[in-house]
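Below: one structure, written as C-alpha cells.
Chain naming follows the written order as A, B, C, D, E and F, and within any one chain the residues start at number 1.
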C-alpha cells in the first residue's frame, strides 16, 4: 500500500504550523488564539471568586470548560446552538474532556475557593478543534494564574505541569499525526490523546470509524501522539516565555 | 455644564478608529471582522439554496441574521446562551434589528429562492456591538453577493444600496457619536440609528435610560448619526474596493 | 398623490376611540382594560413584596412588565406561547419596551424594596397593542400605587409623571396617527413613540418596512405622535379622576 | 354538624349566577365569555382547515383544547407559563379534560378533515374554571359549527348533543354544588363532573383532598352535579337561542 | 348482547394474577416490582432529609411521585421523554395521581420534615400501569417507613392505612375489572379507582372514550372496583407480611 | 505497595458474575437483562421501518442507542432526566458510545433502510453500566436481527461479528478488571474498552481521574481488557445458543 500523501507535503509525523497568540482579547484574565494550521480556536480563562455547589466550603477551587463553534466556522453553516436551545452531545463531550484535562494538572486546593472558566470558541475549523482547545486553554489558564499570583491573590501556583493534546489517526493504512479535516473524514481510526509535560497520559480516546484497530496500530498511534505532544509542550513553553 | 471628556481626546462627533478586514475566515461566502475601537465583531455571510417556509414557492429569497457574544467578550464573563438553553431578549432584539436592516437594502426577488444568513459574533465588546454588526454584515453580504454574481448564480445584484449603523447618546448633557462602553453605561439617552447610502433612515431606536429627552436633543442626535453613518459608508466603500 | 382614506372616515391625525376601564378584574392591585378602537388589552398591576436579585438590599424597588396575546386575539389563530415553550422575539421586545417605559416615570427608591409587575394581555388585536399596553399599564400602575399609599405602605408616590405611547406611520405617502391593523400591514414606515406627561421622549422606535424614510418624514411622524400622546395623557387623567 | 354557610346566602344545591356572552371578541369563529359568579373564562373556537398527523387522510376532523390563566387571574400573581417555558401539569390535565369532553359530543367524521381549536383563557378565577371552560367552550364550538354550516362548508352539524360541566364537593360535611374558591380550598372532596344533554356521564373526576369519601357521599355529589348540569344545559340553550 | 370473552378465560370480575416482589433492587429504602398480569412496574421509595419549599419550616414532610415508561415497555417503541426534553401530559397526570393517592394515607406531620419520593417506572405495559403503580408504591412506601422506624428516625408510623387502585371499564357492554391493553383500547368507558383499606374513595376518574355512561353503569363499575381493591389490599398485606 | 483487596475475594483479573437473560420483556424484538454483579441493565432492540434523514434514500439502515438510569438505580436518588427536561452530558456521551460500538459490527447496507433502536436502561447501578449496556445490547440486537431473518425481511445477517465492552482501572496501584462502584470511585485511572470478536479495538477511552498514567500502565490495562472481553464474548455466544 502506498502511503497517503498529505496536503502541503506534510510528513506523516509532522504537526501543522502552530501559532499561539496570547492577549488576543482584552477583558479576560487569559486570552489565547491558538492555530493548528487552518484551525483557529479562541481560548479565554476567566476567574470568578466563587465555586459551584459541590465545592462550596471545601476550601478547594474548580476548573471548568465550555466549548462552542461559530455557526460558520465550518465548511457549511451549522445551526447556532443558542438558537436551537441546546448543546449537542458532541459539544458536551468536548467541553467535559477539556475540563477534565485541565483539572489533571491543577491542584484545586492551591487554587482556593474560586473558579477558572475556560471558554474555547472555534472561529475556524479544519480538524483537531478539541486538541487545539486543550493546548490553548492551558496557556490561557497559565496567564490567568500568573495574574492571580501577580495580584497576590494566591501565594503559589496551583498548576502542577503542562497539559496538551493532539489527534492521531490511520488514513488509508498510514498512521498520521494531527489530522486536518479531510484526513479526519477519511480516517478509519481517530484518536485524541491528552498528555502532561511529564509524558503521562491524561486521556486516550480512540474510536474506530471504519475497521477496528489492532494493538499494534494502537501502539503506533500512541508513539505518534507522544512525539506531537512533546513538540506542543515546547511551543506552549515558548509562547509563555514570549 | 462642562462637556464630557472622552477617552483618547476623541471629539464628541468623532468615530472611534474603524477597521474592516474582509476574508477574516476561509469557509464563509463573506467573512468580515469589523472593529469600532475595541469592539470587534466577526460577521459572516452564508448562502443557503433554500428559503424558510413563509417564502417557499414565492420566487423570493430571504436575508436573516443571528447575533451572539462570546462569554468573555465582556468585562465580566456572561453565561453562554447555548448552555443556558435560550437566547436572551436582548440577543433576539439585536438579531431582529440586524435582519431588518439588511433586508432594507435587499431586493428579495432579485436574490432568488435562496437565503443569506448573517452571523454576527462579538469577539470583544466595548459598546456599539449592534451597530458594528450591521455595518460589518453589509460588507459580508456584499462579498457573498459578489460570489453569487461571479459564479453566475444570479444575473444582477439584489443589493440596492449601502446600509450602516451607529450609536449616539447624551452623556452628562453632551451629545456624543459612537459610544464606547463606559459612555454607554453613563448615558441618559442612547440611540441606535441605521441609515442607507441614500441618507434615509431604516431604523431609529432611541431610549431614555435616565431623563427623557427633548425634541431638540433628538435633532442633535440624529444629525450626529447622519455624520457618522456617512463616514462609515465611505469606509465600507473603501473596504470593498480594497 | 391622493391621501389614504381611513376606515370610519377617521382623520389622519385622529386617534381611534379610546376607552379605559379601571377595576376590570377584582384580584389585582390595578386592573385596566384599555381599548384603542378594536384593540383591547387587559393591563394588571401586581405588587410583590420582594425584588429581583439585582436589586436586593439596594433599598430600591423594581417595575417590570410581561406581555402576551391570547391565541385568537388575532385574525388567524397563533400558537400559544406557553404550549410552544417559549416567548417569541417580538413578545420579548414588547415586554422589555413596556418595562423600560414604566421605569422612566418611576422613582425606584421611593417605591421601596418591592416589585410592581405589569401584565399586559391582548384580548383582541387590531394594531397598536404595545402602545395601548403602555398607556393602560400606566393607569394600572397608578391604581396599584394609590393602594400602597392608602394602606400606608409608602409615604409618597414614586410616580414622577404620566407616560403614554402611540404608533404613527406612513401609509401610501400619508403620515397617520394610531395605525390599525390593515394600516400597519400596508405601511412603509412604522414608529412607536413613548412620551412623558412633560412632553419628552422615552422611546422612539421607527422602522422602515418598505422604503427608508427621510428626516422630513420623521419630523412629521414625531409631531403626529406628540399630538396623540397629549390626548392620551388627557384620557388617562380623566380615567384616574373617574 | 351545622351546615356550611355559603357566601351570599347561596343554597347548597344552587349554582352561582351564570352569564354567557356570545361574540365577546370579533376574530374567532366562536367567542364566548362565560361567568360562573366571579369566575370568568374567555372561550374561543377557531376553525383550521387541517388536522394533526394522526388524523391525516382519515376523512375525520379533530377537536382540541388549550387552557391558560392570565397571571393575575388569581388572588396572588402566578408565573406566566409562556415565560417559564412550560405548561404546568395542572394546565395540561385541564386542557386534556376539555378536549375529551368536547370530542364526546362531536362526530369527527361529520366534521370533515378540519380542526376546531378551543382556547379557554381564564381572565378571573374564583373556583370552577375548568367546568366553566367546558360549559363555555361548548357554546363557542356551536357558534363555529353554525358558521361552517352557514357558509356551506359542512352539510350537517357534527355536534350530537350538549355537554356541560360543574364541580361539586363536600365542605365541612355538607355536599355543595359549584364550589367557589374559598369553598374549594376548604373542601375534603372535590369532584368535577361532565355530562351530556342526554344525562350521561362523560367524565367524573373525584379527589379526596382530606378524608376519603364514602359511596354514599359519592352518590350525593353525583346527584347534585346532575341537577347543576341540567340547569347549565338550559342556560346554554337559552344563550344559543339569543 | 353476548358478554365479551377475556383472554385466558378470565371472569369479568377477576383480577389478573398479581405478583408483588419486595426488595427488587438494592439501593432504595423501598423497592417493589409489581405485576398485574403482563404489566410490570418497578416502584422505589427514596427518603430524602429535606422538603420542597412550600413545606420548609412547617414541621411537615412531603410525599411525591414520578412516573416513567421505558421506551419499549409498549407494543411499539415510544420516544424517550428525557430525549424529547419534556414529560407528556399523560405522564404528568399519572404522577400527580400517584402522589395524591399516597398522601391520602400519610400523616405528613408524623413523617417529619423529610420527603418520600416514589418512582414508578413501567418495565412492561399491558394496561393498568397507573393502578399497578399506586398499589406497588404503597408497599414500597411502607418498606421505607419501616426502615425509618427501625433506625429510630421516626417514633410512630405516618401511614394511616392502605391504599390501592384498579381500573374498571365497559367493553362491548360488559363491565370488566382490571383491563388489559386490548380491553382498554376497545372500551367505551374507562375508570380508575383509588381506595383506602377502610373502603373509602380517594380518587375516581371515569372517562367515556366512546359513548357516555349512565348512572347505573357507574354503579356497576364502582362495585367491581371495590371488589378488586379489597383483593389487592389483601395481597399488599400478604406481601408485607412475607 | 500491597495489592488492593476486592470484595468477595475477587481476583484482579476476574470478571464479576455475568448473567444474560434473553426475552426479559415481551414486546421488543430483542430484550436482554444483563447483569455484571449488582449492575443490571435492561437492553431492548426495537426495529423501525424507517431511517433518520441523513440515511433516507441511501439504501442503508441505521443503528442507534439511548441510555437512561432509573432515578433510584444509584445509592442516592438522582433527578429524573425527563423531569429536568434534558439529558446530562454523561448520558449523551454514553449513548453515543453504545451507538458507535454497535455500528462497528453492523453492515448498514445489509440491514436495509430500517433502524434498530437500542435502549439501555439501568435498573441497578454498581459500576460498569456502559460496558454492561454494550455487551447486552449486542445480544438484543442479535435477537432482533434473527427475528428479521426468520420473518424473511432480510436475506442475510448484517452483523459482522461480536462486540463487547469492559472497564479496567488502576486502584491503589493495582490494575483491575471490571470495576465495581467503590473501586470506580477510588481509582486513579479508569478505562472503558470496546472490542470485536476478532480481538480488535472499537473504542478505547482512558481517563486519569487522579494521577496521569504511564505507557506501561496502559499496556497492562489493555491486556486485562482483552482477557475480560474474550470471556464476555464467550458468554454472549453461550447466551445466544441457549
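In this section, contacts are C-beta pairs under 8 Å (C-beta built on N, C-alpha and C of every residue); 3 or more make two chains touch, one makes a residue touch a chain.
The model shown is predicted, which means the values in this text are computed figures rather than measured ones.
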Walk from chain A over to chain E along touching chains and report the minimum step count.
2
What pair in C-D, D-E or A-B shares over half of its contact pairs, by residue number, with A-F?
D-E
Using the average of all C-alpha atoms in each chain as its centre, how far is it in Å between chain E and chain F?
33
Geometric centre distance via CA averages, chain F-chain D, whole Å:
51
Determine the centre-to-centre distance between chain B and chain E, using the mean Cα coordinates as centres, and give it in whole Å.
59
Multi-chain contacts in chain C: which residues touch at least two other chains?
85-86
State the interface residues of chain A toward chain B in the complex, per the touch definition above.
25-28, 31, 38, 40, 42, 44, 46, 48, 66, 68, 70-77, 80-83, 85-87, 91, 117, 119, 121, 123-125
In the complex, chain E residues that touch chain D:
86, 89-90, 92-93, 95-96, 100, 104, 191, 195-196, 198-208, 211-215, 218, 222, 226
